[in-house]
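Each structure below appears as structure tokens.
Common to both upcoming complexes is chain A, partnered first by chain B, then by chain C.
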Partner chain A sequence: MRNSISLRSFISASWLGWKIESNWTDPFLFATYSIIKPLASAGILVIMYSIVTDQNFNNPMFAYLYLGNAFYQYVPAVLSGISWTIIDDREHYRTLKYIYIAPVNIPLYLFGRGVAKFLTGSFAVIITLLAGFLFLKVPFDFQQVNWLLFVVSLILGILMLALLGLLLAGITLITARHSYYIGDVVASGLFLFTGAIFPLEVLPVWIRPIGYALPITYWLELLRRSLVGNIAKTFPTFTSMSNLDLILVLLLTSLIAGLIAIFLFNKCNHSARERGLIDVATNY
Partner chain B sequence: MALVEPISKKRSGLKLFIMTVFGRSYPRLVGMQRERSWIFFDIFVPLLSVSAYVFVYRAIGAPEDYVGFVVVGGAMTAFWMNILWNMSSQLYWEKEQGNLALYIISPASMMAILLGMALGGLFATLLRAIAIMIFGSLIFNVSYYVVSFWQLIAIFSLSMIALYGLGMMSASIFLLLSREAWHISNLATEPVYLLSGMYFPVKNLGFWGSAFGSLIPLTLGLDAIRQLIFKSGPSLGFLSVKIEIISLIILSIIYLIAAKFLLAHIEKLAMREGRLTENRR
Partner chain C sequence: MENSVAINTKNLGRIYKIRNNRKEKFKELLALENVDLSIKKGELFGLLGPNGAGKTTLIKILTTLLSPTTGIATVAGFDVEKSPDEVRKRINMVSGGETSGYGLLTVRENLWMFAQFYGIESKVANDRIKRLSEIVGISDRLNTKSSDLSTGLRQKMNIIRGFITDPQVLFLDEPTLGLDVGASRDVRTFIKKWMNDNGERTLLLTTHYMVEADELCDRVAIINQGKVLACDTPSNLKKTLQKEAIFNINLYAPSGLEINKFKNITGVKNCVLSQKPESTTLDIILDEDSVLSEIITEISQQSLRILRLEKREPSLEDVFIKLVGQKIEEA
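Right, the complex of A and B next:
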């Protein structure tokens, strides 16, 4: 097993990714950096909510919004972690062509490089959740939590996000370096459709099907149900579906998204090789 | 035979400044023509992101003017992003790819190079801001109530001057930085959205919070614009529009002068410490 190219690609890339992600500064600054951004992001929503509702944090809507936003931080983290590796290796370190000619499984290498961002993303999620539980009355009862459902949903969701990250990595292979993280941009766009910070019923009827087609929507609902089941059930979107139903739909939509991601990555990968884009530098 | 045509006319002063601005903005404009994917990622997707915040307000039953606040705030984020990613942190990439040293060697002004970067990215920025304003207003039925058109133009222009002054000032710091530059830019996104009241009236941060946020010109600009175009704007404003105009004039002067001095000073410092060509992987 240790000699497997796939496993070695993943483990080495994870270690490399962590070193790159964390060694630019001292641990204190790194921790501060990891805390400020997610808290500011949550702060925007908290202030928006508190202005309109006169700080009615006991309303189920607040818990819905807060938890959805907290876990949604995994989306940009994983999408960017995997897709940005292409830009980082191609244009910053200029090592992508060497990776391609080494005995490396490219998709697993990309997944490995995304692990560091997943870890820092987890840190951000935990900090945001703690701030909510401790200071903003977000309900949390350790004994009421459905831990099995939580762990299963979290793992399935991260795998699904990694596959979506692969799709973006494919697109990144054939596009120029833009000034922003493509993963962050796409994640901010999907924010609208996934019911992360408001129930899907708020959206116009014609937009809702996009939300229902996205696995992220079911994943967030499962996480909410596992942590604060009573609150999640006060919103009508998925009341007709049991936890098992949601897991099955999550699996099915993730499978479809995964197949599309693998197909598109292979197509873009072939196109990038054909057009000589593996070592292109696009500094404009 | 000479490989390079001899320079027949030597440029200096304002002509050199303008040529530099044009020279640095040109590749960006050409790059955008060659690579069209930015239209999707830079214009269409941010519109979705802004819409998400609109629906939050709808979900919690906020007054309709708040929807307009989000649309205007979302449009203004484009300018902050242009400064942050197309100007300041671009110096990091220029350093990594070896262009920064060439800029310093050339007789061109660093301010002109930064301005060129900003102007080069301004086409996409304006398009993004206009798209968010137009589509956001149409989709969400935002109604405007413009009090003074001239004050509105003055506020917007002053905000941009102060904002780009601040951008140049902060870009000077990027001359010294290496990989941390990328992280600092990343860090200056959501916290700045929060401090400048991008999606809510900044007054809600309290006096001192709003005052601190006002160091970012976007805060005062956005607050004044909201006061001038929404009915409920004046009641939700932080300071009066006149005071905000005066504050923006002061900030513009301070930031532009500080940018010039800081760029010159930090350039020297970076030379002395050998940071201009360093490549800390």
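Right, the complex of A and C next:
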């Protein structure tokens, strides 16, 4: 019964998230928006790269930057998809209290609400990758792709991001004010430290440990290696580590981050109940 | 604890710590103080009190939304603090006067989704949605997006959301707030029927409508400033005023009146003034009928004119006035 309710909660929340995500406008405008947004963001980076390197698109660093940026789109999508649900349900729809008093597994409900963002994020990633492979000569050989590594890395990474989203949702629960866009803010901050568009070696030495401590850094490297393994050897940061090493480090850092996220979410959840913040509506 | 008890509280208290900005020190606001209640299975229990009395705070604690500061509370035999998951399986809640719901979803989708959260099979949920929407009168709006509904219709949707899970214990917080007279009557009729259909169901209703409490509730607790002042059946509460004489006097008082002079008359237990543009009304509770002559003398001395004088049976409103010293809308 408990599992059944949890599963139904997850599926219903996913369905709800998709309805909310896709129903705000007509399908044509939704599709246009979903295509233009990622392409515009990638376009800015490509133009900057082009100016700085004098159009040297054959340098492996272009693939490094382009793929890192493409997959990084998952980070704000999943982080904000999960944490924004608290704001959305509490302030906008005023339903959080009814969900909270239902026999729902709240983390699973939040994960479910994040699924729609994951799907729209996936669409953005695919569009960006296709544009890169078809028009910008990002080196890609279908035969050379390590699909197993890609799927395993992607799943592990999304689970890790979902847990980080849960941590932000917990913080949102106890931050009745000014917690809008916390997912986007954190994602933008992490963009600097995770080697998404430049190697960690570019950062000052004392900042680099932040990047090495974040599972996202290893996840992005694994995704790059799975798609363009032939040139990924030249990427500077993790040359001494094998794919298996990276998977193990990703697993370990994700596990640690996940445990911290679950612990802090439970703490915040308890605190929100003590302070009467579950159904607070600031009307901000 | 006895199995026949659906809700039990002991020394239940709640203090809110509030401040307007970070520079200010926290101020303590006492919302509930030593509330002891025992509500039996099958009982329709009313919490009667003005806005800010602590009714919603009590419901929030009992529905696991809020932790108490002191005391314990159990619902359906489970401690709300120690076993919130067990409590949640057995309860539901409807709050009045709000427009909650997912505006992008239709009424049917909103209701179906909440049924899913309780693990109700789709077919059962759809049958209940159909039946309840006919009873509440929104069956023709099931395919309307909830953002397109009026406040009253949204409230009806929320009432169905509360009943669709067929909870053991249902909490209705001002359920008819925002509904028109006809819709409120329909909801009250439905509540009574729902309770009569199954003797195991328990319902805790908060309201500041005296008539609603009088008409629906097996027992009523009068609550003000976080304290339960009285708890009994409506008829027993009214009986406490049986010895007193209650008068309603409609006056012509173009330049106002001095209420304290009436209150100071020996034998006046309580005296409440209601002034509206078109009339001035005194609700007076007297020890006995004979005190009325002194009231009339005072009216004459203040150059007021009596338009109507009525002696009436005690109501819950009178019980409230006696306990609190004010009408419920003034408290």
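Heads up, the rule we're going with is that the second predicted complex is superposed on the first by the 275 of 284 C-alpha atoms of A that agree within 3 Å, B and C clash if a C-alpha of one lies under 4 Å from a C-alpha of the other, contacts with A are read in each partner's own complex, and residues count from 1 in each chain.
One rule holds for everything that comes next: contacts are C-beta pairs under 8 Å (C-beta built on N, C-alpha and C of every residue); 3 or more make two chains touch, one makes a residue touch a chain.
Source: prediction; values computed, not measured.
Contacts of A:93 after superposition: both chain B and chain C are touched. In the superposed model, A:234 lies in contact with neither chain B nor chain C. Legend: residue contacts after superposition of the two complexes on their common chain; A:182 is shown touching chain B, with no touch to chain C. Applying the stated contact rule after C-alpha superposition, one finds that A:192 touches chain B and leaves chain C untouched. When the two complexes are overlaid on their common chain A, residue A:44 makes contact with chain B while staying clear of chain C.
Of the two partner chains placed around the shared chain by superposition, chain B is the only one that A:53 touches, whereas chain C remains out of contact.
When the two structures are aligned on the shared chain, A:282 is found in touch with chain B, with no touch to chain C. By the touch criterion defined above, A:146 lies against neither chain B nor chain C after alignment on the C-alpha atoms of chain A.
One of chain B and chain C touches more residues of chain A, and that partner is B.
On chain A, the surface patch touched by chain B in one complex and by chain C in the other comprises residues 24, 93.
Note for the complex: chain C touches chain A at residues 16-17, 60, 63-67, 85, 88-89, 91-93, 95, 98-105, 109, 113-114, 116-119, 161. Interface residues of chain A facing chain C in the complex, by the touch rule stated above, are 1, 4-5, 8-9, 11-12, 15-16, 19-20, 23-24, 93-95, 97-104, 109, 273-276, 278-279.
Against chain A, the residues of chain B that register as touching in their complex are 27-28, 30-32, 34-35, 37-38, 41-42, 44-46, 48-49, 51-53, 55-63, 66, 81, 85-86, 89-90, 93-94, 96-97, 99, 121, 178-180, 183, 186-187, 189-191, 193-194, 198-201, 204-205, 281.
The touching residues of chain A, when paired with chain B in their complex, are 24-25, 33, 36-38, 40-41, 43-45, 47-53, 61, 65, 91-93, 171, 175-182, 185-186, 188-193, 196-199, 202-203, 281-284.
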